[in-house]
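Lettered A, B, C and D in written order, each chain numbered from 1.
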Amino acid sequence: MSALEALLLAFSGDLGTAAVTVLLVGPMVTAAVMLLVSAHRIAVVLGATANLVSFGAALVLLGHRPPLNIFLHVDDLNIALIALNAFVAFTSSLFSAGYIEHERRIGRLNRRTSQLYHAMYQGLMFSLNLGLLANNIGLMWVAIEMATLTAVMMVGVYRTPPALEAAWKYFILGSVGVALALFGTILVYFAAASEVGDGMEAMAWTVLLTHADGFDPTLLDIAFVFLLLGYGTKAGLVPMHAWLPDAHAEGPTPITAVLSGLLINVSLYVILRFKMVLAANPHVLPPGPLMIGLGLVSVLFATLMLYRQGDIKRLFAYSSIEHMGIAAFAFGMGGPLANFAGLLHMVMHSLTKSAIFFAVGHITQVKGTQQLSAIRGVGESHPVLGWGLALGVLAIAGLPPFGVFMSEFLLISATFARAPVLTLVLITGLLIALGALLFRLNEVVFGEVCGVSLRRDGSYVPLVLHLILVLVAGLYLPPPLVAWFQHVAAQLG
Amino acid sequence: MFLPFVLCLVPFLFAAGLLVTPVASRSWASFALYGVCLGVTCLLLAVGVLGLAAAGEGAPPQLMRLPLGLPGAGVGFRLDSLSAFFLIVVNFAASAASLFAIGYGRHEHAPGRVLPFYPVFLAGMNLVVVANDAYSFLFSWELMSVASWFLVIAHHRERENRRAGYVYLIMAAISTQALLITFGLLSDFGRVLDFEAIRTSPHAVDIARLAVLAAVIGTGAKAGLVPLHVWLPLAHPAAPSHVSGLMSGIMTKVAIYGLVRIVFDLLGPPEWTWGAGILFLGGITAVVGVLYALMQHDLKRLLAYHTVENIGIIAIGLGLALAFRANGFALGAALALTAALFHVLNHSLFKSLLFFGAGAVLTATGERDLERLGGLIRGMPVTAFCFLVGSAAISALPPLNGFVSEWLALQAILISPELPQWILKFLVPMVGAGLALSAALAAACFVKAFGIAFLGRARTVAAERAVETDRTSQAAMLILVAACVLAGLFPGMVVDALAPVVTMLVGSHLPVQSSNPWLTLVASTPERSSYNGLVLMVFIALSALLPALGIYGLASRKLRRAGAWDCGYPETSSATQYTAASFAQPIRRVFASVVFSASEQIDMPLPGDARPARLTLGMKDPVWTVLYRPLVETVNAAAAVVGRARTLSIRQHLSLVYAVLILLLVVLALWQ
Amino acid sequence: MIQYLLLQGFQMMLVLAVAPLLIGIVRKVKSRLLCRIGPSVFQPYRDLIRLARKDVVVAHNASWLFLVTPYIVFSAIWVAAALVPTYALGLIFSWSADIIVIVGLLALARFFQALAGLDVGTAFGGIGTSREMMIASLAEPAMLMIVFTLSLLAQSTQLSSIAHYMMTVDVGLRVSCGLALLGLVMVAIAENGRIPVDNPATHLELTMVHEAMILEYSGRHLALIELAAALKLTLYLSMLVCVFLPWGMALNGAGTLTLVIGVGVYLSKMAAGGTALALLEVTVAKMRVFRVVDFLNFALMLGLLAALLLFVSRSI
Amino acid sequence: MPGQGLAFDVAHMLAGGMVTVSFMLLFQDRLFALIQFISLHALVLAMALAWQAYIQTAEHLYAAAALALMVKAVLIPVVLHRLVRRLRIERTVEVVVGVGVTMLFGICLVALSVVVMLPVAAKSPLMWEDLSFALAVVLLGLLIMITRRNAVGQIIGFLSVDNGMTLAAAGARGMPFLIELSIAFSALVALIVFVVSLSHIYKRFESADVQALDRFRGDTP
């Protein structure tokens, strides 16, 4: 380690800055290379290596934070998410290696489309890293926009009518969301410019936070409405969610995992950034009720929709909407404990849901279909997959010993006494969701075996790794993570 | 000093579950795993006994904290007299189940689906009773549910079992969420999750009431209080029999532990309304549970419904204890609580025993349906004997243990006219009548269960050919039989052992029994009431021996075998015997026509018609029709309404977003 | 000490001796009321001895349970009957069981008898058992409610204490007492299978209950069961008189003379009770089986009402 | 550098002009007319940008104005025009609700924009005017999007949203990234146009054939 450290120090003089550079430049360069290299094997190895390096850089970042700068920064809020992001990106790239190979073998992807896929994957990672690292609200917007565009590319990569349809829907709804978010960003700039003066300073989030108490509250209020609806579109909050199930169902499963595990998380993270600015201004209308409202609507809508799904990926896509709703509810309720619970929930959902999609990806490939009615008895025909899926579903449904249980426990115990009726609505939603998921699980994993069973190689390591992490998190959280989240939770108001 | 042992032993169970997973299908795996479980539970039992003994001598509760779980708070554990008592209850039955399973588990055709989860289930139950903060409590609580859910769907190929698992896990989740609400209410907005702190902090009246309501729903859903019992008769029979025994015998008791811990311990001084509510539910549960049981002809389901009844009896005791305590009648509270806890112990013993018996029958014949059994007493004498003792005990017949707790509960009811509240004055005698009714119906039910399954003539070939179960299974059942008999003959010892628990919870206890002459059990004062199972047993034995000796010595001792008399019209077909359904017919007519809207349709073909006559029984479960079906239908209807959103076009979705935007802006404009 | 044991032993023997006589008296009185001469009042003794001497014939497939049941039934009922105060109060073992235990012992006897009825696997055994359990499921709660009433009045569940209370305290004419008396009489009729609930004299009637259950028994087993039935009737009658007509019973530690008087009074009370039962049986007709339900429900309601009245009046 | 009064008045007039053009867009039901008016919309925007560049003496805004003029006022309308011809949809009249209702609603939107920004007026009337007009243009643009069934009509709505956004950004002094944002948006619109022209997806905003979709998505009803 010391040798590498020395090397990095020699390279940039500061380990943290070096890590940030690696996180941003790495994926971008890889994406560029991928557009040139068409050999699948090289692309796979290169992609996984790049993501591994990014993950290493994210780990370095945990210990060495670079100095603040008005474009990029690393603080308590994004540091854990950067590490999470890099980790899930790495495991997903491992998963996607086998997945894409299979897709090429059965002819759903050709050389060109898989090349595009690999390049866009790295592009998406770059934009997500940028979104997380950005200290500039304009940069954040650009990053999210880029992430959307790259994701659209990958959703439509199969070139089938439903895939194009899904990509198109995603593109249009995403564009409108982007427009709304931009308008909100401009309004924030207006509010900031009259206080801190024109120029780049007025777009730096850290500057905004320190001067927020002098901003015009009306502008901030209106801005937040636009930002919430705009970025909320990307986060999949109801009623802006319409793109999400289609995009999840029609894209390649590794992308589904990344969408659910990372993209919607980063969008919610951006909303949090703005919420922190609002929280620092005592005169604004509290944004809490708005987020609670959207959160609860999302939870109820998504849980009820769970009953109406015939496609396994859409099913879990709606579950993602539900969990974003839960997180939004948590941040809307506010207070150190609920905010903490919300942050934890984001992390846990990301890990768990990507694990579920890993399992689902394997299952859809061995069964050759995404139809729930044709996928039955997986626990018997493919024990590891079946049990992995079962554990993942139990985890996402909030049952111990998994981490989601902890976040839901914290959330409900912290909020029930404050808002019994609202929390009861949330609890109802959770129970309905459990009912739906379990109903499907019963058939998918434990039903009578039916249908084909195709050959599929590929590693179960990502699935198992995620499940172990979620399990450990249910029992023990590392103290630094707790300290960061507690600090952020206090700032979130 | 004993608590660390518990925490050291429990990981062994987890490890056993983990290690057995890859080798579960080997023949020795089941033997090894159940052996380990037996050893660990025996040790845990010893810890419980030592802990209770220490508490009896006035030792303070032991506390421990591990840096796991929730950030900042850690995981707290506590071993006090209540925990120790429940450790004993849990681990005694658990060790018996493990012993039973050493033999029984060999017949398991899906060992990979049972072995890994069995020790986790045991560990979960053990952790619940020593948990000392809301997080670890609920964590272990839910762990117990999830592990047992896996066991319920172990034989997942049967659709019935999958449905059972589904209903079970949903109800378990409802239970957890309700308890989460309880803790949410008590924890000062989630800040105080430690039981020690919850116990000492004051709670507002309304908050406490809501918390009790949520706690009753939460623990009731797990214990099987009507109307939250629906999962229980589905899930318990679905699991392998030793697990059914654990689920019915001790998991429901762990739920009772939760109720006692929250309502008696954490919430501080009770209100009488809590007691009235629990009492009412208990009364309903006791009667409805046994009526359900009478209508069943699936042996394990019948037993499961009986669990519902017994939970009702326990709840009656707990409710009375709360009512007494709220009114400051320390002795009454102690009496009622002792009755309830005694019944907890009893039920864990005889319900495990009965399920083991059912399991032995199941392995010997492959049948759970009473209508396809019969005459097993000849092929399986030991099992029959054990099942008979269990049946007698659960039917509250003296001198066995079931009678003692029932007797104590009735004694508690008899001192309740002192309670000043009018509602209680009306409620308590009603509940008393319900208790008496349920005891009488339980006897009828077990006459049916034992009589149809073990007596008479075999109704199928499988029943005809049944052979006795293996030795270890027999040993497990015989141990439980001995425990039932001993607890019935020496109830004073159990009551004395319960004294520290009762003192901790209601501040008073029954008079010390060990100093009574002839080991008599005295509820309050000897003038008022007393009971001596031992003397009674001796009397019965003597008075049976006396005429036997007399007749054998002075009159005839000859015995001839001949065909059955049957009023001179013996029928050779075993189908002419009374069946479970026909046995229950009078009671069905009396009770079930009202409660279950039972109907009988007779299809009698005309003379010359060759088709057989048919009697069709129709039965509706009121709880399903009134409570759950509408619930399910509401969710389905709502899902259908929401599902229409699926058909919206992109433009319509955009309009929706736009509408929200405009709405929010309008709100903002109005607000300013 | 020995003296106390003797007194207790005497009570056991007394009920055993009185039981067949009581049956004899009832039969005799009934016969006379029907203008028949009827058998001697001692005929039941002769019947029992005759039965005891006969061989036992057991069905091929009867199990061990069938063979031990007569002894269990007999001993449980005998012990129960011996625990009801007859001629004296506060006997040495009276504390070993209270009235709830007595109900429990009767339930124990019934439980085994019902099982034995199912053991051979005949249709008649089943019908009897099934009906017996249905009747018991109503009679037992009714009985317990009456027990409640009495215990609430006397602040005790010990029959000795209740009788003592009834003897010494001026209870007066309380509604609850009357309800309890009526209820207890009804329960007693049902539990003993007397008219109008069941007819002990028939064997081949489709409405029979108790007799159908013991149809397969013969010889000494039948003798024991018949004796147990007689003891049960004695028990109920003793209970009725000891609670509602407690006069004449010897108190704890009374002299010999009082004890002798107690025995005499007890015997005459039993004779009167038997006569009354016979009178009742010849004046009413047997009910259909499912009318019994209403009959017993009424008894249960009486008991509940009596208990409720006491619960409520306690605080006034 | 003109006086404050004049600077304000001209900016006001141009912004108001944009709102007016938005209204015109709103009641057009012919595609060609729509395309002409969106061109006009962009033209007014370019003027507003240029005026802002002049009064703020910010050179980069000139560039933005030039960009708007070239891309939005000329290039995109021309492409759209050709697209409409190629797809032979020039005669389609596809408005969801009646023009009268839409107009009434549009007026309400403008009122809402003004009212919701009212508290800002106390601090800076200039900013208030600026932002409420921009907000009105954005909201009207969205309204155009959702009241058109046709993809081209919706693209035009999106373009006018974009114009409103640029107007708002221009009003902010020293807003960084303005040109970049402008380019990004133009690229976005271009991409949409590209996709629409490339595939026959122009109807897909509406997705009328829902049942067909269900079939290949396997949704259970």
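Following the convention adopted for this analysis, a contact is a pair of C-beta atoms (placed from the backbone, for glycine too) under 8 Å apart; a residue touches a chain by one contact, two chains touch by 3 or more.
All values derive from a computational prediction rather than experimental measurement.
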Busiest interface, counting C-beta pairs, is B-C
Centroid from C-alpha atoms only, then distance chain B to chain D, rounded to Å. What do you get?
68
Distance-wise, how many Å sit between the C-alpha centres of chain A and chain B, to the nearest whole number?
44
With chain centres taken as the means of their Cα atoms, state the distance from chain A to chain C in Å.
78
At what distance in angstrom does the C-alpha mean of chain D lie from that of chain A?
31
Contacts with two or more other chains, residues of chain B listed in rising order:
643, 646, 650, 654, 661, 665, 668, 672
Can you list every residue of chain C that touches 2 or more other chains, as numbers and ranges?
none
Where does chain D touch two or more other chains at once, residue-wise?
116, 118-119, 142, 145, 154, 204-205, 207, 219, 221
Sort out which chains touch which and give me every pair.
A-B, A-D, B-C, B-D
Sort out for me which residues of chain D touch chain B in the complex.
96, 109, 112-113, 115-116, 118-119, 139, 142-143, 145-146, 148-149, 154, 204-208, 210, 214, 219, 221
Write out the stretch or stretches of chain A touching chain B in their complex.
168-169, 172-173, 176, 180, 218, 221-222, 225-226, 229, 233, 239-240, 242, 285, 290, 301, 304-305, 307-308, 335, 337-338, 340, 379, 394, 397-401, 405-406, 409-410, 412-418, 420, 423-424, 427, 430-432, 434-435, 438-439, 442-443, 446-448, 474-477, 479, 482, 486
Chain C residues touching chain B in their complex are 12, 49, 52-61, 63-65, 71-72, 74-76, 78-79, 82, 93, 95-98, 100-101, 104-105, 107-108, 110-111, 114-115, 117-127, 129-131, 133-134, 136-141, 143-145, 148, 151-152, 155-158, 161, 203-204, 215-216, 218-220, 223-224, 289-290, 293, 300, 303-304, 307-308, 310-312, 314-315
Over in the complex, which chain B residues touch chain D? Could you list them?
643, 646-647, 649-651, 654-655, 658, 661-662, 665-666, 668-669, 672
Touch list for chain B against partner chain C, complex:
374-375, 377-378, 381, 384, 388, 392, 395-398, 403, 407, 410-411, 413-414, 416-418, 420, 422, 425-426, 428-430, 432-433, 436-437, 439-441, 443-444, 446-448, 450-452, 455-457, 518, 520, 526-532, 535-536, 539-544, 547-548, 551, 554-556, 558-567, 570-571, 574, 576-578, 582-587, 589-590
